[in-house]
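Data first, discussion second: the structure below is written as structure tokens.
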């Protein structure tokens, strides 16, 4: 099977140029001017960008949380991903306390079985680390899990203590894995939440007030210090606050291998959204919470300077009706998370590139190339290059559209970006050479997404 | 009873001048040139300094630790203090888990009963903080305990979690108390100690290696962050590492009410001392451990700049024979602590003032005035001023002597400063108007030291 | 002559206590409770503070500037100083280009002759430094000029280049003198002023816009760097911007001997004042200019932390009518300077101490003790201590009054603090044992102020 | 003319992959696996890297300095560049005082006429900026000079004052040009040099001692501050000291558009080299001078973190015999500069990539892609991409060789890297599609290098 993408403007993390792309089977075989190749399928990309398929290294599909389950499973979630130009996701398999890491891995593979519409990998989130579990880490790396996550928040459920964190860091370093972490001080938050609830401070805004940016900065600094002592690299997920970015920047300026991710919600939404009437603020309840707008330019600057290397979604959807409203009387009962797997590219292009915050190559770097490199998907994924997987997005910058939940493919009844005027739309998406999205429709095959055995961390 | 101290050079935190001091009963009544007063006792202080009695806000007398008890009790400890020019100590009453703070207070009052040779106050160290104990804090403040300490190290025994720490900070703020803390990350240290011991790395030097300066910097930064969120002041005890000082300096430069203490051992002794032959390194096993010498100039600079406000001793003596040697086969079994209650003034004057590191007024400020102010002993103590307690030290800068354990009054078989050539000696000490030390002899009355009901924190 | 100040609350940089002060001739002879001394004069200070006479180390009396002369000469200026509780000033003798430093010194001595109402010292401001002038510096130090100032602003008139600055620093270090400097980048300001004037941007607000805080921060950082290379101490006069304070703090945290002064106008007035109608903004034209209010808390914090050590006035008065209005059509023609020699104590006590920004001892330290120590007036001046000059202020905290130009003794037709509600008033002032102000009247003798041969710098 | 480069491993700033490259005339036409193209010339690149031709944005060819002229002219210099894998240089045309910028441009074009062996661009160095010269800047930009340089060092010759610098920054911003600068404080250096020479301190090491790193840090910070006030981007040439890097990092962390370059000599040679016997230290006399080795890891870290974006050579060759030895009796008479135009790629690959300091893509980014982007040569140059100039280097990583002056093509009698064991050699070089170097021989055409009309700065 040969596909010829003709005349597009190819954008990589480094370069921008006009050329044709010849795809043979699953791979890019050639890139050139006026390629004279026979192809079963020709896609006219003139005036359009040809981007590497985006990679989302932070999703929570089919995840139990607070007595409910996130609203997208691997089918609806990866399908929505594809529709939004994302051709690979790395989801979090979460260890149940008392069980093995392998159990988590198997459970999540089961969730994915026959459903994935694009390729996927798995991180494992460690919640409990007795010695036998510690010993499992290298085996998991062998199985393609070259990254683990730990939580410094969610006291009483997901949170680990510093000893666990430190042990995981040391073992990860030996095993060629990267440790990522949720950086908020769960102890402080626990005290504040209890106090606020006891005081009747139960509206969504108190979610944010119970999780101050200083609690994020503290946990971020602590994790970096532990990583420095363990001589291990570390990756901050969903960094939301400039105060935390300062800690990352200081560490990087000292030469430490510290990496950090932010998400569109922290670049575009703010603490003011918690005041949306009729409990609408619940839609934005995620952790870390949305911050003051003063953080926005600092985060954009961090993306440009390089202290923030990736933009992922932390897609963790819960329906407003039936899920978010479990916390109508108490913010602490609102399931944490916002949907975003489908909208990232639109937001980053319109607000980021067209908004003059970042360049086009930088956008590709943030949502595709660097995530691929940090998490062992590169060079198969994350770029447009000869020999790489033909995970391609033909992106039409001329199309304008308004983001609205009803037009999205995410299985959730709202989007935080309702009404956002986007410029630029996905015209076609190829996943390993097959067209999976086109003309606003999913045209791929459910279950065709493969599990990615990710390479060990090296950087 | 009237005592006239004639012709001395009075030194306060701000001023240096020659004058006579007239003491009537327990107080300083007048200071002047050629005071014409009748006095039962005249002390010729010509050519000598008249200093405020030093205050040691960090001592551990009669304290159980690791299956043994610190070698000085309130009698020998406060007597040695007096001999070294210290006229007030604030000792740590340590809560037993499951017991009340009041119980700790009472226990320590019992230890002190009839023994104290100079005045004393008590901090209470909190190790366990269920709600009823939390509720005790204001009562303790009422009883003169205007400061509490928590430990971020000593996992499994004294260490508290961040929630406890945060709750204590908030309650302290309400109650007018100051929280101090031992700043080392106990989780990391616990992992490292176990691993080192398992690997047969058991000599005293491993004590230091198991407690890296980064673990101190991390805990210090964390405590400051928690205090910032609690909007409470905070006091770092025994800061040993420049990396931790950086955290204090950054906080203070932002205007936060953060205070810090260091001790002579961190200014004068180093990690190299752990290599003293024949297990001699055990003498220096204290926590935080001695650091690389490169930290010394940074700490002196911190004292000068004002980021470090006090010098205390952390006097916690264990005999080399019979106590320190419990850890001959395993550094982790060495009782932690060094003696120092008697030698501080000599060290600070010789190494600090004569060594060109700090001025004489600054020395007085560090060992007397600021400790008195921070811990509620001022204006009765901590200065030479009309109306203040006549806690005075006549210090002869002309006398040279060599520090040696046998000549000291501490009840312990060694001193870390053995052989130190000191310039300047205590000629006489007055405690509330009574001469208690003179001619190298204790001439006071055992038990005459009173418990000090310390004032609430305000700064 | 004996004066007994009875029952006041004595405040020094370190201590606060109630006692009587016995003055004999020019000196404090005794301090005590219920001093039984015969005295020709008894001042009842009960309920009042007894403070050391304040010291103003930054005044410009009888100074030519921009074609006019500052409105206070040594008579009116030092008389106003006395009325406001300031018992010593250090004025700037400014070298004329092409002339010697000695010439400047002599010229200013001539200005002071027979006029000074309180004691005074002289700095010399260097504007031109060929080798013979450089060689004069030690001689001037010998004559009591232990500090020199250089300007990094005022291009074309007072400004020196970095080579001159660097040479002066090195020579000062050899000679035991302290270099102070006006820290603004004169080159940038010169370009901006010319451009603004050319563009018709001529109202007082443009004075501030032509002198951005970054220009102050730059010059401050540069001067510190030059001092570091010269291994010399340095003193920043009239620091106005938090950005510049950051540079001072960073240097001090590294242990460099950097000192800095701010002035009440930078703590209490802001850039908004330039918009006072009817050209009223001209009253606030001084350099550095008033800044955004956001700087205020940062400066107060710097005073507390110790990165700012002194508060002086930069008293440089020009009448609104006849002087300030020379620049009605062009801000660049407005003589630079604000009056303040008389109001400092009121402002610092009311806004600082009563406003909860600084403590009372700190206030004394900032306006008396540390200036005295840094500039070689201590221990004669700057404190209340036995043996010191009896330069004393009896300050009544109970009196309320409103600052208004007509009630002040400064020889200038306005005050920037018009309408300020002050709490606390000067009840009496002693200068070397003589009462010079009392009951709101100057009762001293014109010309009784002596030139102070200041000691060499040492710190 | 068609050239097929077969089977090489293509390396760009972002990607690494194996493919054939088809060159048609001057451009890359296609990149693919097993390209079936007819070609006049086939180059077997199997097992070799195919890199973009390196770009050297800092050279001084045929430059008058201190009474002599740099030893390479455009012929020998660009030929040596080609031999070392550099296919474009941007040289500095230096304005003579009193003359126009255009004059400098014309003079340098005359120097290059008929000689350039690879393409070249020109910066103009501004030494004198009266208004008519300021007005020329946009015209020069129009002529392809999209960058200007100013010197903060070389007092009395090249140095400009801050006003000139600031005006140039503002005009550059309007014109779409980037200002670069030599960052050392010329005033301080001038004082130190004179003093050292006067004291008989004349050996090469004093060159370094007269130019301390603090003088570089100061000038760097000042230039950044001026750029911030001018709201203009800025580029630091030849950054040598970690202290200066700290200033760059702080600015970038605040989001300022500050860029910086270092050179191989600052990564690999040190102040100790000045002690090479028999006046050998003179070989290393360049400005800024070589620094203490402790700077090396900090600079490598800066390259990795992204605070340093480029590595250029500052190629400024003077023969040891006949030029460097002009300063045998006085370091100040040694012409400043080291050769390096030919050796950069070897050094960066061996010491950087193989030494584990930087990745291969990063190396390409530093020596080709980012220089091309910052200085307006991109996308024609700086990458391997379809449509770009076929400026290609086939680099054989298997060849080992020892750097020695006699084997280099630079027209100078020594190399600072004599004896350096390099791994990896240039096998072939294409300049706009023509093979210019092969088998260690220059096979191109003298004068075939074209002047590059560089694009305006945008970033």
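Of note:
Per-chain residue numbering starts at 1, and chain names A, B, C and D are given in the order in which the chains are listed.
Here is the rule we use: a contact is a pair of C-beta atoms (placed from the backbone, for glycine too) under 8 Å apart; a residue touches a chain by one contact, two chains touch by 3 or more.
If you're wondering where the values come from, they're calculated on a predicted model, not measured in any experiment.
Think of each touching pair as a link: the shortest run of links from chain A to chain C has 2 of them. Centroid distances built from C-alpha atoms place B farthest away from chain D. If you average the CA atoms of chain A and of chain D, the two centres end up 39 Å from each other. Averaging C-alpha coordinates per chain places the centre of chain A 51 Å away from that of chain B.
Chain geometry summary: the mean Cα position of chain B and that of chain D are 58 Å apart. Touching of two or more other chains is recorded for no residue of chain D. Inter-chain contacts occur between A-B, A-D, B-C, C-D. Residue ranges on chain D touching chain A, taken from their complex, read 10, 12-19, 22, 29-33, 35, 249, 252-255, 297-298, 301, 304-307, 365, 369, 379, 383, 385-388.
Residue ranges on chain D touching chain C, taken from their complex, read 155, 161-163, 165-167, 185, 187-188, 190-191, 212, 214-215, 217-218, 221-222, 225-226, 228-229.
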